[in-house]
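Order as written gives the chain letters A, B, C and D; numbering starts at 1 within each chain.
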Amino acid sequence: MNPHVIVIGGGTAGMEAAGRLARAGMSVTLIEKGKDLGGHLRDWYHLFPDRRSSDEVLEYLKGQISHQNIRLLTGQQVTGFIHKGNEFTVSTGNGDTINGDALLLATGFDLFKSERKEEYGYGIYENVITSADLEAMFRKKEVKLVSGKKPERIGFLHCVGSRDEKVGNIYCSKLCCVTAVKQAIEVKKIFPASKVFCFYMDMRMGGALYEELYKEAQEKYSVGFIRGKVSEVAVNINNRLVAKVEDTLVGRPLKMELDMLVLMAGMEMSEDAVRLAKETNLQMGENRFFKPADHHFGTNMGNVNGVFYAGACTAPLNITETISHARSAVTEIVNYLNTGRK
Amino acid sequence: MNFDPFIIPFNIGLYFILIYAVVRSVIWFRELSRPDKLRLQRGFFGKAFGQSLKEIFLESLIHRKILKSNPRLGYMHMSLAFGWFLLILFGTIEADIFGERHLNPPYKAIFFKFFSPDHGKTFFEASYAFLMDLILAFILSGLVLAVTKRFFSRVVGMKKTTKLKPLDKVALTSLWLIFPSRLIAESLTSGAYGTGSFLTGNLGAALASFLPANELAYPFWWLYSLSLGTFFVLLPLTRYLHIPTELFLIFMRNSGIRTGDKPGSFSEVEVHSCSSCGMCIDVCQLGFSAGIHTIQATYLMKGIRNSDYIHDIAHNCLMCGRCDQICPVGIEISPIRMIVRRIEENDRVYENSWNGYFRNRLNVPAPKQDNKPSYDFLPAPVSKKADVLYFAGCMTHLTPSIKKAMVKILDASGLNWSFIDEDGGACCGRPLMLAGNDREARELINFNSQLIWKSGAHTLVTSCPICYKVFRESYYLDVEVLHHSQFIKNLIDEGLVNMNFLQKRVTYHTPCELGRRSGVYEEPKEVIRHVATLEPTGYDDENSLCCGGSLGNIMLSHDKRRGIAEDVTARLTANDPDSLITACPLCKKTLAQATSTRVVDIAELVAEAIADAPALKKNPSRHKKKVVRESAASL
Amino acid sequence: MEKFGFSLTKARVIDYDANDRSIVSYILEREPSLNLCIECGCCSAACTTGNFTGFSLREIHILLKRGENDLVRQKIRKCMLCGKCILVCPRGVNTRNVVFLAKQAFTKNEGYEF
Amino acid sequence: MKQEENTRVWRDYQKEIADDHFFYVRSCIRQSFFPGSEQFFLQLMRDVLGKDVYENPSHTTCTGIGYHGDVVPFSTIQTVVARHYALMKESGYKNVAVSCVTSFGIYTEILETWKHFPEELEKTREFLYKATGREFDLPENVAHTSDIIYKFRDEIAARAKYPLVNKLTGEPLRVVEHIGCHYSKMFPKYGVGGAEFPQVLSGMVESWGGQIVDYPERRHCCGFGFRQYLVQANRGYSLSNTVKKFSSMKPYKPDLVITNCPGCNMFMDKWQYTIKEMEGLTYGENGESIPILTYEELAGLVMGRNPWDLGLQFHMVQSEPLLRKMGIEFDPSDKFKTKDGRQMPIPENLINS
């Protein structure tokens, strides 16, 4: 009977890993707390850097998990697991338990709750939205202000909830810069007459074709970039948002009215994963992501033998990196199972 | 019978154009500056008169310059110009010999066949008719070429030809109608009377065989006269005004008048002498390397003639001088373009009076006097005493390898030299002038001049041709200005530095500002031959290519500059040399970005070749030989 | 006002919406490459005038984009148009043409004596 | 601003305020700027609400202004505050009620310092003992007097004679509330509603029928800024802050400003005069200036006290226009008369009079 792997988390990493494991001859149980698979991918509209539709990647992943060796358990919340000998017993919300020879955690991430940065008025002032809200608007093909009018000036605020001591996330969430530039281009395409600004501390456009996207945003869509972290947002008498920032390259404060402000919320370890980690003493790094056994050759393993990690539960990763990380997890698991599970 | 109504349009046209030409010439003459007037008078009666006649014959009629560079285009122009001249000349003689009276009115000569249809029976008359037919055939052959050129310019070896205005098209068709209508008219008349030579006679006979030749001839005589008349009347509004104007231009130029940097009647004559022949289009690199086809010299001239908005045309040009070189009429294009650049952008440059007949002239209002200096932050100039000064210039500061090489060479020379802008002095002022800001440039020129005067040096060496040109032409210096290639050549001649021969095959790119703009072609090549084997590139001396990085063009985008540079390096390194040598830091930086071949300045090549042991102990002797200062096309 | 022994300090805030950006739009129409500026300051480092004074083309680009025209009008005259900044600009911005057009824009706007 | 949302934010900052047995610590400057306010607070608590508010006569200033003005070293101010706790201990009280926001900032800052750096606490105990021979305990509850008024705002609303409604138009008065920065910006958990959307003053205004104005510079500093103001060379900065704040609230046409700190009240009040003299600018309707009231004065007006007993005439900006709007009768003749009817000299350039 071929070994049985339990994959927790049905997002990009989980689906890719499950598909690969099944094809490697393993029997797989994929447990997803949501009612359907895809994780955050379902919320995105277009993906950087080439702005292809996210549905295409979702189709690919769906193709991966349509395999007889895979058993899907959706709508089930994992409450914990017991590790005795080489066996794992995973218990879920409605009480039933699943045994497996190896455990793959692909619990992904949560977006930082932007309301925690009160000074930006998310949830308090109209038209202050997060990048996820904007993606949802793109998907619904209905980007507009609460008043229904067309926005003339849109601001993107980088580093919301990341690189920020006050909210306990000093790490950089790596993908918000490129997401902001991508969204800036998409918004400008929808409202050609609008003017789009990005308020940044550093433009971290390190991935493949990111800098080209940045240049395209400047060249074709004349997106403006202002170096300075917005300190607070208010609303003026004609109900327009007023952002206060220091234009650090000029060394003077700047006040600007905006119709719409998009907060680029950073990635955090998902709360459920944190709870699970605490209960099953899986070590977490200072940034609350799973602590890899080794930063170079052991990012898929942690401190518990037989428990593997894949995707954004170890660090902020983009879709490409998540998929490759899932594939490396599968090789680690197959290797672990074939060599006597040490 | 010596009158017929059909000659009226011809007469109107002829007398109109003659009067117009005279009046126009008087206006142009009156507006010449005093010295230019004297030069012109001396030119008419001095040695220059013969030279002008020779040039009119060779250039205006034969179009020798076009023949040399593009035979088919040259033949077309020659046939039309020279052929028509011969037609008029021999027509007058024909009327004079065979007509009733000696001095006949012009229409008699032109329509001689009509007024003496049966002429041509005797042997002498027949041979003369044969000559007339020969000339007519000669013109018609050119005409055929002209028509094909209009539609398939490749036929005459031209990639692009000028786009024409509607009025130009009407004048062109009337010009094209003149000679065919003469041919048919003469043929029909000959056919009716059985006269005419090999062309008109045979064609006439053939037509007469199935057509009522005599009745049919009359309308063609009308067509002949009408087309001549329209052509003459429309001439001033079209580019064909260049025919009379060019004659006037040749006289003015040969008597020593130059464009200078202020508009005046000479520049206006030049602008109207442009025949829009389109030769400047093919040589322009913005055309064939950057896909910009709206700024070439012919459009600049046409823009000025029609007082269009030509700010962009004036500024979007590399100022490389290739079109100056090839213009068959010899118009000083770059100086005229500089005049337009100096005109304040917001002033109406030219009023359009009498809507075209008496074209406006370029007027440059006095620049708004703004006595606030721009560069008062420059410190009081102070410089070390030295015999030889080295001015690196802004661009050389960005190519430290040239700077290092020059320091090594200057040290090796053993001369008492000082590096006056070592920690980045003020700009030489030429980029400002190229953008039309002469007043600001003057401030920098004064600053640098004091720096140079105070050093008491006798020689100023600069490694940048852009600085070299402005030092020689716009600075009032009592020092000898040398480009570093000239300076190195002197060192070699005087044995102050000796170098071992590098086994390298190299090609040399002549920077525009050094070659065409300053006339320095040989010294750099001699220095190179001294150190490496120099191979020709096909783009040597006068027709060298511009690297694309020119400061002359303030508008050109980065990718277009790169496109030009890639095109140029591809051509200059076709024979895969070890390195591409140039003598300008800007050319080096621009070309180096566009090719994998090593691009090196002359100074670097020489520095590489300098034997490390100092050739001589410190030799304080001054320079013995003066460099002959070459005449340069003033800019 | 001497009466109080001190005066009201002028606000240093750049009020983006109250500023007039006609100068920068005049420039951008003719030289769109200004949009590519990432304000890295390489041009200011290479600047000939920058060698003598605090003239910084990077700062001028930003001030123009923010509409702080009064600050730029006097400063921009210090440029010698020598073109070094174009050669070093990593983004290929035609910085020399920006200065040239800015000077033009300032002369064309009535009321702005130059 | 979505109303229900910011109350959600407020719920995260629940603050436990004692309801009786207060050890009252006065403000050193409020007595001179707005003597009526503290008087009204004590009279309200003791006579109207029947609370036990003890004021030890030998308690001193907390030296806050000196500390922020870099005159008083940190250890000195810790010892002064410790002495007050000692007095409190001796008089058997556990809840301290601080009258001034700057002091409130000092008290909370020192409590936090002692929590994070216990050695500072030990040092202070030693200093106090050496200086005065006294021992002290930490207070169980630290409340600002505006917290207390906020806690009993409904009792005041029940006794309201003049609600915050504009009698001429019938609409609720538009009120700008300005919270002293040292109230909650330094330690959000010590303020009712946290730092961004504090509720302590807006809670009172809303329960007394007024309407809160949310303008962009709502959280901006009033202009006091200690070193900005105390050093004449910097005074221009202090003034420019207040100008920025008023020009931002002007479009909303506020009827009055309510503050809970003497510094804010004094500056927003006095600087309006200076701006009018210096720049000729006024921010109220038709050329008038905006009256600046403390929360006690406003509570007193709402409960129908005589405006002159509350000391409104001591402000730079006179509040007669406001009184007319609220329909409060007042006798202009005895505005500057003492309790026993003697006429005091009338100050010249009062605004809005």
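Convention: a residue touches a chain if its C-beta (ideal position, glycine included) is under 8 Å from a C-beta of that chain, and two chains touch if they have at least 3 such contacts.
Note that the structure is predicted; figures quoted are calculated from it, not measured.
Chemist: If you count the C-beta pairs in contact for each pair of chains, which pair comes out on top?
Modeler: B-C
Chemist: What chain is most central when centres are computed from CA atoms?
Modeler: Chain C is the most central one.
Chemist: Using mean C-alpha positions as chain centres, tell me how far chain A is from chain D in Å, no decimals.
Modeler: Each chain's C-alpha centroid was found; their separation is 46 Å.
Chemist: List the centre-to-centre spacing of chain B and chain D in whole Å, with centres computed as mean CA coordinates.
Modeler: Chain centroid spacing, chain B to chain D, equals 84 Å.
Chemist: Using CA atom averages as chain centres, what separation in Å is found between chain C and chain D?
Modeler: Each chain's C-alpha centroid was found; their separation is 46 Å.
Chemist: Which whole number of Å gives the spacing of the CA centres of chain A and chain C?
Modeler: A distance of 40 Å separates the two centres.
Chemist: Give me the residue numbers in chain B that touch at least two other chains, ranges are fine.
Modeler: none
Chemist: Which pairs of chains touch each other?
Modeler: Going through each pair of chains, those in contact are A-C, A-D, B-C, C-D.
Chemist: Inside the complex, what are the residues of chain C that reach chain A?
Modeler: That would be residues 12-17, 28, 32-33, 35-39, 58-59, 62-63, 65-66, 68, 91 of chain C.
Chemist: Quick check: in the complex, which residue numbers of chain B touch chain C?
Modeler: Going through chain B, the ones touching chain C are 344-346, 368, 370, 372, 374-375, 377-379, 394-395, 397-398, 423-424, 426-427, 429, 431-432, 435, 437, 440, 444, 549, 551, 554-559, 586, 589.
Chemist: In the complex, go through chain D and note every residue touching chain A.
Modeler: Its residues touching chain A are 1-2, 5-6, 8-9, 194-197, 214-219, 251-252.
Chemist: List the residues on chain A that touch chain C in their complex, please.
Modeler: 203, 215, 218-219, 222, 224-225, 227, 247, 249-250, 252-257
Chemist: Flag every residue of chain C that touches chain B in the complex, lowest number first.
Modeler: 30-31, 33, 46, 48-49, 51-53, 77-78, 80-84, 86-88, 92-94, 96-97, 100, 104, 107-108, 113-114
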